[in-house]
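Some structures are shown below for you to check.
The following pair of complexes shares a single chain, chain A, combined with chain B in the former and chain C in the latter.
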Partner chain A sequence: MNERVFIEPQPSAETEAFWHAAGEGRFLVKRCTACGKAHWYPRSHCPFCASADTVWEEASGEGVIYSYSVMRRAKPPYVMAYVTLAEGPTMMTNIVDCDPDGLSIGDAVTLRFVTTAEGAALPMFAPKAAAGVVDPAEERP
Partner chain B sequence: MCRPMSRPALAYIVGAFEHPTRDAGDKTLAQLQADVALGALADAGLGKDDVDGFFCGPDAPGTGPLSIADYLNLDLRHVDTTNTSGSSYLLHVAHAAQAIAAGKCNVALITLAGRPRTEGRGKGGLVRRDDPNQPDFQWEQPFGMQILNMYGMTAMRHMHLYGTTSEQLAWIKVAASHHAQHNERAYARDVVTVEDVINSPMVADPLHRLDCCVVTDGGGALVVTRPEIARSLKRPLVKVIGTGERPQHQQGGYFEITQSGAAWSGKTAFEQAGVRPADIKYVSLYDSFTITVLLQLEDLGFCAKGEGGRFVMDGNLISGVGRLPFNTDGGGLCNNHPGNRGGMTKIIEAVRQVRGEAHPAVQVANCDLALANGIGGQLGVRHASGTLILERE
Partner chain C sequence: MSKSQLSKALSGVAAIAGVGHSDWIADYAAVRGGAKPHDSFGYGAIALKRALEDAGIDKSEIDGLVSGPPTAHERMCEVLGIDPSWGAQADAMMGIQAAAMAIHAGMCEVVALVYGNDQRSAAVNYGGSNAAGGNAFLSYIYHAPWGFTSQGALYAIMLRRFMHDTGFTEADMGQVAVAQRLHASLNPHAIMQKRVTIEDYLATNYVTEPLHLLDYCLINDGGVAFIMMSAERARRGKRKPAVIHGIGRHDLSREATSLAPRLTNFYRPAQAKVAEQVFNMAGVGPKDMSCLQIYDSFSVHIPLALEGYGYCGYGEAAKFLRETGISLERGLPVNTSGGHLSESYMQGWNHQVEAVRQIRGECGDRQVPDCRYVHYSSDVAGKALSIIYGH
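Our next item is the complex of A and B:
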């Protein structure tokens, strides 16, 4: 199977902190301190109350699949998805380390950073069952 | 119908022209623009020197409307380049009507031309804009966001929430193909079955290849004018009686992708027109994918939310068979989706129906009220819905 080639994210002054933290394995979301609501994608002004008092906070990395679609003819195929974060907002991402035919909307997923050719860490998600507990039966050769 | 007689006439569509080509390797974009512009003006019985308002999208090459105005040597006093992707042209008709009512122009020309087949931009409908200034770029492009998977996710969630099936979506393509068989210019004229659709290759779950529109070169144009001029021409009178528009997006991360902007643009247009969905005799619905049609049927109020799958079954969208004939030219699914922008052809077929000039095999009897709707951009992430309600006078 071909190695997947990602478009590089190209961080901006507005988002540099996010990609820097991601490189260190920390997943950040933006929260507004004026209205208290987290939003996605991250931006400097709150999309709800328009306050500029938005701060980065480390997110739990937990979420559920909002919807997904398997890109069958991509080489290699990949699973495009929206995941609703425990913090509230729904973000565009991919589901990785999974059986694409075994996914369902509502499935619990957990964060899994995937690194691009140039070293950017993309926040993606894996099914919780597969990501956390490894079935000992499957460990045997 | 029982409606107040005082409802003002907004404007009239007096010219409509669909370019006959589906593969325009031998023509430049400017030539296609000229072909459709002069075709629509000839249809209206007007000439290029009658035009004082010009409306186009970013498909027009060059600097906004200036390059084409220069090429055609138009003498203008009003221009508009509203861009909501494929739905732009529905908004252009609405904005032309507003400009005419405000006295800013008398004869508005609206054009579309594109060559995605020739230029090779058709395969997969790849959305890849390498502009990192686009605020969403870094949150979407690295993840492989494409038109196909945005519509795939929309369909997947509709199936999850409402139990919609692939067979139900397939009925939309089946109905379009029944119409396309009568259109000698249609890109795909073969009548297909539900089985043909669901047995075609899966491209982005749960959408199959035959759930997707065709990729064609070509274009179209419209002429919109004020009542006095419309009545002086020799064409059937097609009045624009209601318009609506609605951009819809991710709303800071709290959204429902199975709800399209048509819920808002439709409501605005129906209220302005003073008619109800049950009054509509024919609909042109944007059909980039089968799921696009399904959401518009629900969100425009032709059936309840979640009932779209049951509504489209058993040929209910086929002219002469079902309750709500749609896209009688074969639509974007079979006939033509010029420049990857289906809004123009939606309006043109609605005008044909209201004039009584559709193909006799698909012409809706006494079609005095029609609706055209466009969804530009992508369902599932960012799009704009534009609605027009047209009445024969």
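Our next item is the complex of A and C:
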């Protein structure tokens, strides 16, 4: 099996603090202090209320699989997933350390940093052993 | 905006009076053989010449020009030898809307809309960290470190959720590829004319699970052009015009990079607004449509549009595909040319050609009998857009 090669992240002014913290093992999300909502990806201006009063906070690292797809043609194959974070936003990420054929929408997952060739830390997720967690997206009207 | 306030001002104002396109089949074969028949401008020029002949007008009558996204507007004007009084750079759907408004406002009288794309011979990349469109479509660049590098990955993740929410199956999904290939087999311009069965569909490998190879559109070189003018002027012309009775548009760009509009709502909020706008403007409803032309970069656009525009309820696309059907053999025909999956991937431009030909009644073996209204729908690149063509 070939070893997976990651495209290196390119930090911008908006995301530099995020990647720096990730390198230290901390997973940050941005929250707007004007409207109270967290968002993903990290931005300087809140996408909900356009306020510039956004602050970093350390996320719990807990989430639920909203949906996923196994990239069958990749060498080696990997699992792309859209994961709803406990803080509210849903992010594009990967599910690692898993049996791709054993995953389901609604599965609870937990943070797992994966390091690239150049040392950047990518926040990914792995299945939690415990099942039966309610998918917050299921409760949307 | 409430229903009563929506403008109907553009209904019946403009029409497509001529269509033309390059030789998709011959160019596809040439490019696969290593040749490069034309660049994007060249494909556009071929298409325009044929559209002018189809409309029966001279190039000197053009006073407005819309250029498609891959080709710089100023350069396209130069290549075509046209100095217009009005112009825009736009995709097919926004270009038709803009041209109808320009004609209505009296900014110009005859608009040529021209598209050329050498995407296959130029090996254009629609995903990954060097994605076409750059910051306009930040998602592929932003998510590239996680390996989210293709449109297929996006639509696969969406389809998985749609299946989970509604009970839609892979066999239901395969109905689209099968129906559109049947249509393509009746279309002498279609690149992929060999019919396929559900068994063929399910037997092909996953590319991005649960999407199979036949859920993906073609990538080919080519060009398309239309001639638009007032419906009144078009009615005096050489061809039966395809009159634009309704146009609607609604954007969903606020969470574009995080992909929430596509993945969590399937574009339903935008489609609901556009449905109200376009059907109200045209004074018709889903039950009045003779056939649909739906932008199909991936097959999954079809069930979403059927639900989003009210051809069936939310979560009922599988039932619609099974009980009503979307082929020329039964039900409500969708993508009667074969669409992007099987005819040609001209980014919505070839769907307008097919809509015009169906309205004219010149589609031969794939003609929809007594074709009165055609609904074109797209929901890509941050917006939902619809056009209703009729007589």
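Rule of thumb we're sticking to: the second predicted complex is superposed on the first by the 129 of 141 C-alpha atoms of A that agree within 3 Å, B and C clash if a C-alpha of one lies under 4 Å from a C-alpha of the other, contacts with A are read in each partner's own complex, and residues count from 1 in each chain.
By definition in this document, a residue touches a chain if its C-beta (ideal position, glycine included) is under 8 Å from a C-beta of that chain, and two chains touch if they have at least 3 such contacts.
The model shown is predicted, which means the values in this text are computed figures rather than measured ones.
Of the two partner chains, chain B and chain C are each touched by A:47. When both complexes are overlaid on chain A, the residue A:11 reaches chain B alone and has no touch with chain C.
Touch criterion met: A:88 reaches chain B, while chain C stays clear of it.
Of the two partners chain B and chain C, more chain A residues are in touch with B.
Of the two partner chains, chain B and chain C are each touched by A:80.
Overlap of the chain B and chain C contact sets on chain A: residues 6-10, 39-41, 47, 66-74, 78, 80-82, 89-94, 105, 116, 120, 122, 124.
Taken in their complex, chain B has these residues touching chain A: 124, 128, 130, 132, 135-146, 148-150, 152-157, 160, 201-207, 250-255, 257, 380-381. If you check the complex, the residues on chain C that touch chain A are 128-129, 139, 141-149, 153, 156-158, 160-161, 164, 205-211, 254-255, 257-260, 263-264. Residues 4, 6-10, 39-41, 47, 66-74, 78, 80-82, 89-94, 105, 116, 120, 122, 124, 137, 140 of chain A are the ones that touch chain C when the two sit in their complex.
Across the complex, chain A meets chain B through its residues 6-12, 15, 19, 37-43, 47-48, 66-74, 78, 80-82, 88-94, 100, 104-106, 116, 120, 122, 124.
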